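What follows is a group of structures, each given as structure tokens.
One chain, chain A, links the two complexes that follow: it is found with chain B in the first and with chain C in the second.
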Partner chain A sequence: MDSRFAIKDRKALLRPGVYVGLAVIVALLPLLFSSPYVLHILILTFIYTIAAVSFRTIVISGQFPLAHAAFMGLGAYLSAMGAKWLGMSPWLTVPLSALVTASIGMLIGYPFSRLRALYYAMGSLFFGIGIIQVIYAGGSWTGGYSGLTGIPALLPGIGSKVPYYYFFLGLALVSIVALYRIEFSRIGTNLKAISQSHVVASSVGISEGGYRILAVGVGCFFVGLAGAGYAHYNMVLSCSSFNFMATLWLVMYVLIGGVNSFGGPIVGTIILIIIPEYFRDLKMYSPFVTAVILGIVVYLMPQGLVGLPRLVRSKLTERRKIKKVSHAS
Partner chain B sequence: MELITATLTNLLILSSMYILAALGFAFLFSMLGILNLAHGVIYMLGGYIGLSLIMVLGINQWLALLLTTLIVATFGIFLEKYCFRPFVGDFNRIIMVCVVITVVLQTSVNIIAGTQILSLPPFAEGVLRFGPASVSYERIVTFAIGAVLLLAMTWFVNKTKWGQQMQAISQDLEGAYLQGINVHRVSALATFMGCGLAAIAGCLMGAYLALGPFMGDFMLVKVLMVTIVAGVGSLSGIFIAGLILGSLDSILPLLVSGAASDATAVGILVVLLLIRPQGFFGHEIEM
Partner chain C sequence: MLLEINGLTKYFGGLAAVRDFNMHIDDGELLGLIGPNGAGKTTIFNLITSIYKPTRGKIIFDGNDITGKKSHEIARLGIGRTFQLNPLFSDFTVLQNVSTSFHLHPKSSLLDIYFNTAKYRRNEAYILEQSREILKMVGLDKVENELAKNLPHGYQKMLGIARALAVKPKLLILDEPIAGMNPSEIDFTLDATKKMQQQKITILLVEHNMKILDLCERVVVIDFGQKIAEGLPKDVRENKDVIRAYFGGERVA
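And then the complex of A and B:
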């Protein structure tokens, strides 16, 4: 038997079981909540989960892209325009626009791979603003400031949100598994090596530029996919949902969960979308809920929400140690 | 002729406002490497505090401008001590803290003042006629305040002891510590002045253009552009970058219509950044 399949400890066997169980529970949620509003929020959560996880794929290569929501908008607008003006089926335009978004990301990644750290962040920020301005300037093709309406639906003639729910759940699961496989393959290891020290990484034969462009391509592909799906689900697009502030919120989803672990963006997106929605009766005051969550995480959890169990455990053992010492003396 | 004077005054005012707002951001950025994304919202806060002092309390405009500056600058000291200082060197948490500040201030202004577009009363009235050209006094006053403040800041940074300490910190943080510079106090002073300058810019722009809860987002992007194009640790670089940006924003709309002019301006900046990533003046920052 291959040693990879040998059961080394029970945890390794348990973990996939837990994930499959979680996925089954999420898949059964429409039976519990039939209201279209709840389903809408859950669908948005799936879409933004894809965006946040793909954001992290770029981050592990040591690049901090501040254009990610703009790339989401690029995918959304490309797919919507393809379906609306060229009359193509949304099932064709969604993957196509994701591919185009990825290639634009890689083309831009080539000159940008010279920039590092903060300068990369700033360069991508300006580029993202540029994308949004080009969409604004697009006139009747993109709808400009008034937004693009009348986008063909992904599943025409269906009033219920349940099929959309399963479509986006499937899309999110496939994307998450794909990005997980990429991160824990040789490519992901190389990306992390580049992020730790690009000098050492290139000295052992990892092409820094190539892998950084690859990371941007992968991230842009999935975020374009999420944006394109969003376009044909929402059927109305407005630039303001992809501007710089939208990018910052995407960054918040990732950072609040914890940028150092794969599950971070998923947890962060779920918490930051669903908890403020729960308090939507507060109306104008509801952004304060978000601010409070963010504040708690910033001041108390340096590793994000995912780091919370470890933080609690280390605090507890510390206290126990102190007790032991004080007993001994 | 009318068009030329209008464009020229617009260029000067926009540039001086961009530079005023950018200075505070650039101080923190070059000294401690803090990317203060809440700077735009502080600028917005300045405008609103000025408006409420004038409209609600009925204070004289010039006194209100001074009071606003002091209030927002003091708020800046608070921000530096409790929001920035604990996270110096941690890029991710600085961004999060700035988003928290942005959300809290923007929502508060939204609740108190509403989302409608307001405007501060003009600081001066009347029009100066100069041959065929005419310039409103408001524009002259706005530019004059901006120019005087910028000159004062140049003098402060280059000639005073505090300013030289700021320069030392931006050149080498550890070295400044070793020389016995009280880095915390100097960075608090820098935040104090930066927030004050942003508040003045907010008041002046609130009178010159309009006041809205989301005007900070626009200014934040401009401030980032000025700082990055200028590079770290160079005061004259900020002036030149501010002038470049102001002229792009005032001249391009004449040549290209609508949103295309903004797209062109951003395109030019991306190209500039690709030519010289570390900015055109100053030195590269290690993060």
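And then the complex of A and C:
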């Protein structure tokens, strides 16, 4: 492999193998758990994994968007309304609304590409709140405060969740592979270069604005896709699923899983969606517990949960070396 | 004439950092720009590379008016630069720093990159080879897999030059390339500069150190944002205005 990522070659070869193995295991899960409730949680995990991974694509370009769940809602409502009011097939409205979400994201990304750090975060936060307010104000078109009901289903056969399970597993895999290829190509390198120093990046000819807008477009496309798919699975939409709090949960998935590695958001989403389900009776404490977990992760695992195996390995070799040294002396 | 600056003026609030500054650089020339601290040298660099937009004046590069263009467009036209405080892609390896800087030569389209076409792979292989060549030239080939932030200061400065060379510049702008270097690193940089000179790369450099200025074919001296002298290094050193600017008042020897 003659790429300039030569140093990472071994890892790059290993990773897809591990992922394929995991995907096979996940594909067999419905044989073990037939309860609709378990399948529902797993489907949500797939949907939010797409959202979290696409969130991180924007983050690696040095932008910290706090409107990501709002864009998910935008994709969901656009697709739902297209199918419900215009009578279009969900198979058409899902990709279309993802495209529209991406376009709106890029349109907003243009003026926002001048903002940095806290200013970008706050700007996007308020824009996201604005999107949700507009949906609330949509009256009977969007269902307003009471929510949108009667959204056409994506797959035939109401009742079984198994088809949806495979649909969203496939959607998540395709999205993850698509975003992985962006990150580990020159495009991803340019995004990371801009985030490290936009002055240096533009001094070697990388257009800061162009790449920042591109990252937002890609991130919004996939989160719009996830939201649109969700709309036709759930068949009922409520604005509160996409509010500020939902964005903050996405941020938590990414931070706890590990913002510095591609797998971080995936691990974070799986753990933060599935584990709290076991303690559902304690749900009101979950923000508090999550905050504590974040603290622990940052203290003990600077790379996030995804860095845990590597951390354990390096601690073990360290210990072995210390033993050797003490034996020798 | 490769670069021509006419009546360049930059105000920061009420303060004129650069005032009615004129300068030109010929093809293949090594031009030094000197002046006391705060004279406006770095401001001129940042105006040429459009980190700042000028209040007035014109900058013509290679026949194009580049006044107020975006930084990445200026790189595209063929101006490479280093920075005084030397920011790098600090979480990238040395090799990645240079290969990333090969953004323009050769340029792959987004679609080629995304679909990993034969053209993109060919480009990347070529870039890798070229990056290693540049690293060899500046003597960093042995540390190509180190993270840039872990390098000693002198190496980081050389990496800055390597990165600027990856732009394949017609004009290379070096902002205090040997400041903070130890003597052996200075010698090394001087050698590298001579090599670039032989390769007919036009270089504009800011420096206080006379060792490197003696390589220059011409030196422009500025003070308070205005040109006060111009000429051969040895002539400039004896110029009265220059001595006054550096030592404050006339020196009676």
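Annotations for the structure displayed:
Throughout what follows, the second predicted complex is superposed on the first by the 278 of 329 C-alpha atoms of A that agree within 3 Å, B and C clash if a C-alpha of one lies under 4 Å from a C-alpha of the other, contacts with A are read in each partner's own complex, and residues count from 1 in each chain.
Basically, contacts are C-beta pairs under 8 Å (C-beta built on N, C-alpha and C of every residue); 3 or more make two chains touch, one makes a residue touch a chain.
The model shown is predicted, which means the values in this text are computed figures rather than measured ones.
When the shared chain is aligned, chain C comes close enough to touch A:192, but chain B does not. Of the two partner chains placed by superposition, only chain B is touched by A:133; chain C is not.
Of the two partner chains placed by the overlay, only chain C lies in contact with A:181; chain B stays clear of it.
Once chain A of one complex is fitted onto chain A of the other, the partner contacts of A:207 are limited to chain C, with no touch recorded for chain B. Here chain B and chain C are compared by how many residues of chain A each touches, and B touches more. With both structures placed on the common chain, the touch criterion links A:255 to chain B but leaves chain C unconnected. For chain B in complex with chain A, the residues that touch the partner chain are 33, 35, 37, 86-87, 90-93, 95-97, 99-100, 103-104, 106-107, 110-111, 217, 220-221, 224-225, 228, 258-260, 262-263, 266-267, 269-270, 273-274, 277-278, 285, 287. Residues 64, 111-112, 114-119, 122-123, 125-127, 129-130, 133-134, 136-137, 144-145, 243-245, 248, 251-252, 255-256, 259, 284-285, 287-288, 290-291, 294-295, 297-299, 302 of chain A touch chain B in their complex. Chain C makes touch with chain A in their complex at residues 49, 51, 70-72, 75-76, 80-81, 83, 87-93, 95-96, 99-104, 108, 110, 113-114, 116, 120-121, 124-125, 127-128, 131, 145, 163-164, 166-167.
For chain A in complex with chain C, the residues that touch the partner chain are 2-4, 6-7, 181-182, 185-187, 189-190, 192-193, 196-197, 199-209, 214.
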